[in-house]
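All chains are identified by letter, namely A, B, C and D, in their written order; residue positions are counted from 1 within each chain.
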Amino acid sequence: MDYAYGPGRNHLFVPGPANIPEQVIRAMNRNNEDHRSPAIPTMTKTLLDDVKKIFKTTSGTPFIIPTTGTGAWESALTNTLSPGDRIVSFLIGQFSLLWIDQQRRLNFNIDVIQSDWGQAANLEVFASTLAADTGHNIKAICIVHNETTTGVVNNLAAVRKLLDQYQHPALLLVDGVSSIGALDFRMDEWGVDVALTSSQKALSMPTGMGILCASPKALEALKTAKSVRFFFDWKDYLKFYELGTFWPYTPSIQLLYGLRATLDLIFEEGLDNVIARHSRLAKATRLAVAAWGLKNCAQKEEWYSDAVTAVLVPPHIDSLEIVRRAWKKYNLSLGLGLNKVAGKVFRIGHLGNINELQLLGCLAGVEMVLMDVGYPVKLGSGVAAACAYLQNTVP
Amino acid sequence: MDYAYGPGRNHLFVPGPANIPEQVIRAMNRNNEDHRSPAIPTMTKTLLDDVKKIFKTTSGTPFIIPTTGTGAWESALTNTLSPGDRIVSFLIGQFSLLWIDQQRRLNFNIDVIQSDWGQAANLEVFASTLAADTGHNIKAICIVHNETTTGVVNNLAAVRKLLDQYQHPALLLVDGVSSIGALDFRMDEWGVDVALTSSQKALSMPTGMGILCASPKALEALKTAKSVRFFFDWKDYLKFYELGTFWPYTPSIQLLYGLRATLDLIFEEGLDNVIARHSRLAKATRLAVAAWGLKNCAQKEEWYSDAVTAVLVPPHIDSLEIVRRAWKKYNLSLGLGLNKVAGKVFRIGHLGNINELQLLGCLAGVEMVLMDVGYPVKLGSGVAAACAYLQNTVP
Amino acid sequence: MDYAYGPGRNHLFVPGPANIPEQVIRAMNRNNEDHRSPAIPTMTKTLLDDVKKIFKTTSGTPFIIPTTGTGAWESALTNTLSPGDRIVSFLIGQFSLLWIDQQRRLNFNIDVIQSDWGQAANLEVFASTLAADTGHNIKAICIVHNETTTGVVNNLAAVRKLLDQYQHPALLLVDGVSSIGALDFRMDEWGVDVALTSSQKALSMPTGMGILCASPKALEALKTAKSVRFFFDWKDYLKFYELGTFWPYTPSIQLLYGLRATLDLIFEEGLDNVIARHSRLAKATRLAVAAWGLKNCAQKEEWYSDAVTAVLVPPHIDSLEIVRRAWKKYNLSLGLGLNKVAGKVFRIGHLGNINELQLLGCLAGVEMVLMDVGYPVKLGSGVAAACAYLQNTVP
Amino acid sequence: MDYAYGPGRNHLFVPGPANIPEQVIRAMNRNNEDHRSPAIPTMTKTLLDDVKKIFKTTSGTPFIIPTTGTGAWESALTNTLSPGDRIVSFLIGQFSLLWIDQQRRLNFNIDVIQSDWGQAANLEVFASTLAADTGHNIKAICIVHNETTTGVVNNLAAVRKLLDQYQHPALLLVDGVSSIGALDFRMDEWGVDVALTSSQKALSMPTGMGILCASPKALEALKTAKSVRFFFDWKDYLKFYELGTFWPYTPSIQLLYGLRATLDLIFEEGLDNVIARHSRLAKATRLAVAAWGLKNCAQKEEWYSDAVTAVLVPPHIDSLEIVRRAWKKYNLSLGLGLNKVAGKVFRIGHLGNINELQLLGCLAGVEMVLMDVGYPVKLGSGVAAACAYLQNTVP
């Protein structure tokens, strides 16, 4: 039966949920508490303040909602928009597709700008769309910063630049689920109006927290947004912020302590060092992929994600079989190929609180699985390429 | 500063979050896992099956949603109703009020049947309402099984009986947040169409799971329910049930293991024994309250809740001061009085995985606090009354 | 079968192992580490320094040995004495008896000064013994500070005074297993030469650490002590202290972190406050015992222990039955009567990291058990007496 | 300051303490309990029975002592021998040296049979020694099964064969600290009289348990063994075994549950599979060492240890620098070279609950460190060699 594990640690390299460091596991190892005691608001205040640092915003208002990334999406949309509002949304992979599906089902009016899976958002089409929208009918731009399916990162600075160039007032809503805390992300500098992430990704926690920051402009939009909402309504949060009790309903005590611990770890390492580490591990992964003679699903170097690498396999190999064997034979969890790239890619998630040797163990595992499925890999080649780079760059 | 604790354990007697047993804390003490591995669906299947036993349903379909009780409410409403649908809702305390607020903001059309706070649902008015609705315009009845604010339990069997008597087809939606797993609850027998609870109450887990069961009639209603929804949409769950992967988005791995552990504990003790224990602890609490010369906020014995006791304090005493002192001086967490009964009641939550001596420690603490605030309690009187009963009835 | 537990927390009121606070459980929730890395010596140094504060010594040298209290006894004796050395040892209960048994089997020559069980060390006989020993043949005085069997505390200051009065150079070896960290203990002021405790008592940790401090005079004795020893040899520790690696063999990484956490808790509360809390809880317990009409096994008030209360039961009642029922019916762990007082006393341990309401729950449980076994207790009487005192004295 | 850690998991590859699996960490995550309740003896009985399976003995009597391997040594010696007894002891590395030091300081009369460090026990000299001892003055043979310093395993079957050949009645005392549970070990078949291990090695637990099994012949020797002992005295254990309470003094509750969990894991995997896994990981490590152009400290293939590999470094490289950098730069804990091989070897521990990818991460780390210190390693070479073997042999 499959509900069993072998000896040793599971090697968790899906692009989320990410590995939880022992310090965070420890912090969450506790009984419940009364969230209405004086202790919890005191701690909550530090969390809200510190979460903003991860988003690189000083003007934003943070919301920590007991939900997942999918719920955070819904929260971003329904608090800033009204049914029928026109949205421009970029479709570049499975997660942008799911968000667009949500946007549709929440009754917005979507202009989808499609790219091939493996490409970033098509900014030329976007520019034309903005240029054409002289009446400013477009109320929001929805973009996934890091598309986890294909390992493609979108250029938010360029998106902002175009909005500015066309002096377009649309809100900029960013899914940073697999980027914030892992990749360079600058909410204020890039004029992001709503940015969101969830706890089980770069923050290396269990699932259960959707974390958002809203710009002053987004809070202004909140006043007139007519989307039906209750659980996700920021107004309730804002009311409780004023009361100083912070929570309109019961938060997870354990996740609050876990968030405190993970933020402490990030600040201790230094957020910029955390981002540099992600960059280093991603580069090492890509060097390994190249050494294996395989291709990155992301088609251009500028689009390569530092959070996850989607690896294309040759046509005669089923990437699903790679993922299955990795789990069963090596206790290695890799990411599946989804939808259009199902069977064609497997994914190595390298986000969150991990280090070089964890990644190298994963890469060695991938090499063995590749050989298992008949791909003529030279064993050690990927690890060698990664090591050569890491040995020179680890601080 | 208030963000600090004294020696020894916190005595957690708010009516949720409840105490988490060590076995459940241990089960959750783990790293993340890939929720797309074969292991998680295998476990999920056992959880969905076993959750139904707690609801006493065989025909219901369970949903375990990463949210809170508030989210579970929203899920129950939006999956079965359409905007403008007429609902009968009973207002008997703060949580029924909040649910009604949600019903309003989700654009339903509410007939509120009010009771004084301290009374159960007014079934006479309800009977007239049903009698008058010969056109069957009422689509749903919303009722809180156990009103946590006042410690009042509603008679669901009587509600069902009236619906049957008038052959009324309205859906029966029940908030069982503070009842299911603590009080006698019989989804199938009482013809409940949607029942819901959340993890941090009688299930003695952290916050983070909204758990619902939907009757076949509720699933039929799902097909035509036009309420806008995405995160809470059961259709996505049902789709993934068919696929055998179960989760439309990432669940909390830790809570899955925690739920497994807490269900195992309940089945080991025996669900009926669990309910009998709640009854025993509640009776003991009420005997203590009477011995102190204080009154139960619930006005009739048949309404007394076995999950929480709301205690009325004399007019010259501020119940908030009782709660504050209990926390600060005795590390005892009691429930505040809310809204209409703010300052007038404090609450002793006795739901979840606790035992007699835990409760007696709490009762002793309450006695001391009562004396602290100037109420002329006879020290030991409540504990004595509780002990006399428990000593005879503990198995 | 007996290897099972009921719902709720176990109420642990044996006089050790004591309750472990959540903070300490969390601190120990970790993988192993290399004890030869730079991190462990750095932490060890802080532990050795801070342990001295608990013993109230500045001139003593601490040893933290992976063993139990029994091993700590052996370490104290074999490092300071030679086979055949004459020792004066006080026999006042089971633990002093066991230590004397050890002293015999380790080939020392023991003068036993006996007291009735329930009495403290006979200092008159001791004075005569010292007076008679003009040749200073007595090499060491062995005394249990707090005799856990009978709840009797010995007056160490008086022992020191007699030694000084007779200008007797004997070493003063003190078993502080159930006292240090709970009762007033002053190693330097009282001229104690070896003091010892173990981790699972007042320090509220798991079993596994014997902790000793040795005075300069004890270290001088070490140079010539011919007792055969290896595992317990302080010389190996001192050698590794000089090397700065601290551990002659592998320590428990988990217990090191646990000790760090428990010391932090003690210093945060304040050692004197910790001792005052023990005094308060003990006084409350004794008031309850008196209210029940029962007697303390300790025969004089000046001997009453603040760490454990041994309660005498009437002749027709078997105290073993009390302990058995408490465990089985109420999940309450009380201490058995041992040896001479088997069947005659049960014991309430109130040492370690606990608070008032935990104790009151225990006292309520004892009342019910007393009634269960047919003792005509007035239910609530003990709790009332304890509450009346605590309500006035809790800070 | 050095008392700090980087991101990600520590890679623990010292030859003990070994990695603790999550299941065991969870099992130990608990409050204390009364070791005199009915529950603990019930569990203890299963532990004593199951520990024998790990030693492959049915006739042996197990002892679980709250101590370390050093204490277990002392327990083995003092319970079976008398001061002045003649012992034959094999010196082949630092741990056999330490044991011999203990044997001396406990006043036995030692015939040391030395080998070069890197060689196994010299059985030719042993044969001559036995041949010469026609009067059977030799009371015991002390041998370290697996010498952790040099990664050399001794041939116990051959030792037994010689004893049988010369019909020599000496007791065979075996240090199995780094072998039992990792290497093939057969107490009964090899006629071992006392075998011992400790919890932090192959059993993958924290330090704190010395575990021994004694043959009927060893228990016979116990009757007349005059070595002074108390803490380590088996007679006290046997007395408590008869009483059915099992513990002469307080055990660590947490370690009992940890042992239960680790034994369950071993039996689930299958002891023979556990041993095969150790063999596989060791072989992979040796292939990597060879690929790096380095030599095993163990001089012959038949002596290679499957628990730890000691790697010789070229004369111009200081192995201490390798260990330091591995820790500091890669969060990799390797074993130091000790005593005669200090600076000359570093050690890779591959015992306990680990798997292939964990090891490969370590090997990749070693490659990078080798390059860091100027050794001309071909990056990837060791990993490639290990992968080529593992890919074919992992079940």
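The rule is short, and it goes like this: contacts are C-beta pairs under 8 Å (C-beta built on N, C-alpha and C of every residue); 3 or more make two chains touch, one makes a residue touch a chain.
Composition by chain, UniProt nomenclature: A, B, C, D = alanine--glyoxylate transaminase.
Please read all numbers here as calculations on a predicted model, not as lab measurements.
**Student:** So, comparing C-alpha centroids, which chain is the farthest one from chain B?
**Tutor:** In terms of C-alpha centroids, the chain at the greatest distance from chain B is D.
**Student:** Report which interface contains more C-beta contacts, comparing B-C against A-C.
**Tutor:** It is B-C, judged by the count of C-beta pairs in contact.
**Student:** Chain B to chain C: how many Å between their CA centres?
**Tutor:** Roughly 45 Å separates the two chain centres.
**Student:** How many angstrom lie between the CA centroids of chain C and chain D, rounded to a whole number?
**Tutor:** 34
**Student:** If you average the CA atoms of chain A and of chain C, how far apart do the two points sit, in angstrom?
**Tutor:** The computed centroid separation for chain A versus chain C comes out at 54 Å.
**Student:** Which residues belonging to chain D are in contact with no fewer than two other chains?
**Tutor:** 9, 19, 22, 25, 29-31
**Student:** Within their complex, state which residues of chain C touch chain D.
**Tutor:** 1-5, 9-10, 12, 14, 16-20, 25, 28-39, 42-43, 66-71, 74, 83, 102, 105-107, 198, 200, 206-208, 227-233, 248-255, 327, 333, 336
**Student:** In their shared complex, at which residues does chain B touch chain C?
**Tutor:** 6-9, 11, 19, 21-22, 29, 265, 269, 274, 277, 329-332, 353-365, 367-368, 371-372, 378-388, 390-391, 394
**Student:** Within the complex, which stretch of chain B touches chain D?
**Tutor:** Touching chain D: residues 22, 25-27, 29-31 of chain B.
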